[in-house]
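Next up: some structures, all given as structure tokens.
Two complexes follow with subunit A in common, the first pairing it with subunit B and the second with subunit C.
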Partner chain A sequence: MSRLSVPKTYKLAIGGAFPRSESGRTYVVTSPAGEFLANASLASRKDARDAVVAARSAQAKWAGATAYNRGQVLYRIAELLEGRRAQFVDEIVQSEGVTAAVAGAQVDATIDLWVWYAGWADKYAQVAGNGNPVSGPYFNLSVPDATGVVAAIAPQDRTGVSLLGLAAVVAPIVLSGNTVVVVANEAAPLSAISLAEVLATSDVPGGVVNVLTGSPAELAPWLASHADVNALDLAGAGSIADGAWVDLQITAAETLKRVLPPVEGAPAPSLERITAFVETKTVWHTKAML
Partner chain B sequence: MSFLEYAPAPESTAILNLRDSYGLFIDGEFVDGHGAAFATISPSTEKRIAEVACADASDVDRAVAAARRAYDRTWSRMSGADRGKYLFRIARLIQERARELAVAESLDNGKPIKETRDVDIPLVAAWFFYYAGWADKLEYAGLGSSPRALGVAAQVIPWNFPLLMLAWKIAPALAAGNTVVLKPAETTPLTALLFAEICQQADLPAGVVNIITGAGETGRALVSHDDVNKVAFTGSTPVGREIARAVAGTGKKLTLELGGKGANIVFDDAAMDQAVEGIVSGIFFNQGHVCCAGSRLLVQENVHDELVDRLKTRLSTLRLGDPLDKNTDIGAINSREQLDRIRALSDIGEQEGAERWSPACEIPSNGFWFAPTIFTNVSTSHRIARDEIFGPVLSVLTFRTPEEAVAKANNTPYGLSAGIWTEKASRMLALADRLRAGVVWANTFNKFDPASPFGGYKESGYGREGGRHGLAAYLEASGWQAPIESSPASPRSGRKARKAVAK
Partner chain C sequence: MTIDHPVALAPADRAVRLLGGDLTEKALRLHLDGLTGVDAVGLEARAANLATRSIKTSSKAWALDTIISTCDLTTLEGADTPGKVRSLVAKAVMPDPSDPSCPRVAAVCVYGDMVPYAVEALGALHGDPDHGLVSVAAVATAFPSGRASLDIKIADTREAVAAGADEIDMVIDRGAFLSGRYGLVFDQIVAVKEACRRVDGSFAHLKVILETGELQTYDNVRRASWLAILAGADFIKTSTGKVSPAATLPVTLLMLEVIRDWNRLTGERIGMKPAGGIRSSKDAVRYLVTVAETVGEEWLVPHLWRFGASSLVNDVLLQRQKMTTGHYSGPDYVTVD
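Then we have the complex of A and B:
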């Protein structure tokens, strides 16, 4: 006689807590074959705004942590993912309808991606910043600094990206000290919430990564227009509706957000994704005449 | 005559050899525009300087087409070394004609000759000289092994530093291998047209630099032109928003350098005489027509009275008047429109309860003038503490703790500049870390250099001008090969190996 399993309730991840949508709404998540998997929270405008508040509250302290510390926290995510590999493989198999080998490869790529970005935390500033030989008695240094709160739409493809796509968007945003509100893959959101559970137990401070499940088409306009969001990663917004991401960029122009346009699939790991969400700060100081 | 009075010492305008009217500079020559020509005037006298053509949509088309041809046929095929040599030539020609350019700039803009002579024009030459050297070294710019030019750049610049803003735009664009169509501000087109002559003297290939004059309509047609690959704008935040909307979804690369409401923070241990000089240059340099001006003075409460007294004394020695006079500190406001805005916001400051003070100073009868003004008793909710005035108006606020200084300094949608005055280096560096501003001047203010990146956080825009970062705004990164497997299609080998061991 087989044991009766205990299914998980999938909720949102906001400010280090796992609340249901304040709207009380859920939506049915199924496998590609149509089998019922879960009732995921259908995040509302209010949830998105709460997530922005949580992200803003966490930003200064996260950016103020040492780069070495942020790097270790990101590396810790990889360690915990490795330990919970089976759970993620299982979720991806169910929600993407792929084989265990294909799902395993996605989990592996995700773990490696965290490791790769973790190593950048205390190095990207040396590559993206520099001293400047100005014509005068001044010390002059340019260093990158986190942009602030970033809203992101994770890749929305039905297969191949439900976990990797989310990580490929979130990791380069947070490593420099930004905090993020990310809208997970709508059709396959389960591993995103499980990843948020990993983050909650891996020293990532509450509010640094906030995960919303639900409809990107519904949530993205609120995030694009939110005055306390500094940048927008539209990685997965290409699939919302034909050309709808352009309207999001137009909305974002009102508050002069930095905007990364949609990409196909999961964005490849790159230094450019890190520097897309940093500001170059240049500090001048006088030198005394000796 | 008191000891601070001087006999007038106006710079002669005889060095200028201006035409009575200027066409558009397209494809290497001056041509007629199809819009209604307009006059550019001297804001200190309201006298007409020259007539300037206005580019309509068909002229914009012609200019962009010329830039495209020059890009395809000449500039993109030329070696970086040769592009650099043209830029070096331009830098030298600017140095040779520096006095003439300084006089023309002061005449057209209203800013004091001592500023155009000692700041604007030397920096223009320096900017071209700096970026000239980059042209054959792009693979060292940190953008991968073979960064590519973008194509045709559409550039729209403001009236506060006319030729300097031109240099900030054109020098990195050409060094990176782009061709440009640039529109100067309608009130200050003169030095851009002289620059067109310099391009001819440098024998720069036709179409690499095109200068089209006109107002907002011309700029709108230029930035929304389909055949433009890059848009660069310096100016007001509302226009920056409009451009960001127009460019959305087109794939054009965009840099925006917009407004600011910079905080100049003075601690009680600051070297007060230096701080006073820094505050003066922070807000009264260029009549306060500076996007990164230190327009909010945050002074530690216990030294407020002393500092304001010293500031008032110093302001009383500033000389307002003829921009061409070598002794002039404060020149003319650039336009009647800008003067009206400064007056309106200052009146609101009084109405909201702030205390207004200006030194006794004689205002010339013609032209646009505004006496240097200090508002004390300003609170963070006042319009004069929030809105960019873009004039010689300083709002003074106080703070008690470094924490409060940071909170007040960052309490603005802008994020362009900030100043810190303290003799304590550890406090300066801690503050610099926490100020949300693209440029932080510590124990100095309003310093610019071609090697130093400049640009804002938040609604002050995005992208940087100057330095290696400024070059990146005109290049497509070639990037590096993604170092790890990002496609889930093929399982990584390391995993297999470890599993094999585990068995």
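Then we have the complex of A and C:
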């Protein structure tokens, strides 16, 4: 007699917990060939609202950790990803319909990208900040500071980005002390939730990374208009509908959000993605007169 | 048993009418100990059931405005200053500066020595909350512990009333109540009620805080509610907000049931004020449902129903802004208290 398989239920990741959608809705995740893979939660606007509340309450503590500490915490995630490599490869093979070798390459790229960003945590301030020259006996320093809660739409392409795209959006946002509410790849959300499980068992405080699965077209307008979201990363919003991201940008302008426009595929690792979500704070301090 | 005199009373008249002319501690004890016990499981189940009602959008809009207009905006900190009271008053008269249609709160609730500053800051807007004005409530009688001599409690109350307080929130002596000295607690409430008398003969409204978090059992809450009403309370109030647990839905339901019973018995309407621990609009709406289902919607007016809260108003304003603008608001758009 063959064994009855026990498929995993993929839920949302909000505030360090894994709740179902408050709406009770789910949707079927299939492989490109149309085979059933899993039921995923179809997040509602109220889930997005709850996620923003969780992200807001986690933000001060996460930004208050030292940059060195945040770098260590992020590096640890790369270690955990390496340890669960087989699971991620398996999920990518199923949901993207690619070979194990191609999936393995995506997992490797994700881990490398994560390590690359982790290293920047205590270094980007040296590049983005400055000791300003002044004609007086005091220091004048410009330092980058986290912007707050960032909402992001992960890349939505069917292949090549289900894990890498999410990591390439989330890592540069959180390393500077922001917290994030990210809408995962709608068609292939499995590895996004597995990544959230990795985060939940790592040293990242609950609420720093909140993952919603569901329709970006439904959720993005609520996040773009939410007055308690400080910035918007529209990396995957190009796929919602032709030009829809422009409307999101206009909505976001109502509450003075920073907005990053859509990109093709997974965003390449870059310092600009880090500095897009920080704001510069300039302070002065007297020099000792001794 | 029905009593016909649904009119304003001098202190202790209620007890005389219910218990007979020769009011003794024994008569009071016989009455209070003769109350039927509370079915705790049934009470909690009923409260939990009332908390599950689904509220439609138009009702929610009404509920949010009702919560604001029946709220006692409160600051009761050792660090209170005249400046903090003035900013509280500014918020009370205009809770949401971005929306002039937002109603005023019912009252500001402060310590007795802050009453003059609240009265001064309110100016012409000081008055009856039933007419859209804001009244001043003062906590008195050695709030929050109530551990002081009766003379000091009376002086505390007189001073607040003389300074212009419209409402006095007094605490009962829980130690005396728990050790069974009902007569002492009764006499103190009567004395404080008398101290609420203004020079023109009218009374400041007296809210009696039972501090249900210290009363241990639901039976005690029921007894204390009866005791406070018999002694002349205009309002019965759950908690000081300084003790945990503060207001809970079952306790509020239980106290409302006593109010309902008193109303059936005498036709008099006693007010109810849950205080402490109500922070979200969702929670507050559940209280409104409980009031409507227990004593009736006509109780949802400022002279019969109050929320004692400090952070609740901000959450209600966020929900209100969501309803008017169509998008979620955030803490940057309400005051920092």
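Simple rule for what comes next: the second predicted complex is superposed on the first by the 280 of 290 C-alpha atoms of A that agree within 3 Å, B and C clash if a C-alpha of one lies under 4 Å from a C-alpha of the other, contacts with A are read in each partner's own complex, and residues count from 1 in each chain.
The rule is simple: contacts are C-beta pairs under 8 Å (C-beta built on N, C-alpha and C of every residue); 3 or more make two chains touch, one makes a residue touch a chain.
Computed from a predicted structure; not experimentally measured.
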Partner chain in contact with A:113 - subunit B first, subunit C second, else both or neither: first
Which of subunit B and subunit C A:105 touches, first, second, both or neither: first
Which superposed partner A:52 touches (first subunit B, second subunit C, both, neither): second
Residue contacts with subunit A in the superposition, subunit B compared against subunit C: B
Touching partner for A:196 - first (subunit B), second (subunit C), both, neither: neither
First, second, both or neither for A:256, with subunit B first and subunit C second: first
Where subunit A meets both subunit C and subunit B, residue numbers: 227
In the complex with subunit A, residue positions of subunit C that touch it: 321, 326-333
Subunit B to subunit A touching residues, read off their complex: 126, 142, 237, 240-241, 244-245, 248-249, 251, 256, 258, 413, 415, 428, 432-434, 436-444, 447, 449, 451-455, 457-459, 461-462, 464, 467-469, 477, 479-480, 482-492, 495
Subunit C-touching residues of subunit A, taken from the complex the two chains share: 49, 52, 56, 222, 225-229, 251
Subunit B partner contacts - residues on subunit A that touch it in the complex: 60, 64, 101-102, 104-106, 108-109, 112-113, 116, 127-128, 130, 132-136, 138, 140, 142, 147-148, 160-161, 164, 168, 227, 230, 243, 245-246, 249-250, 252-256, 258-259, 261, 266, 268-272, 279-286
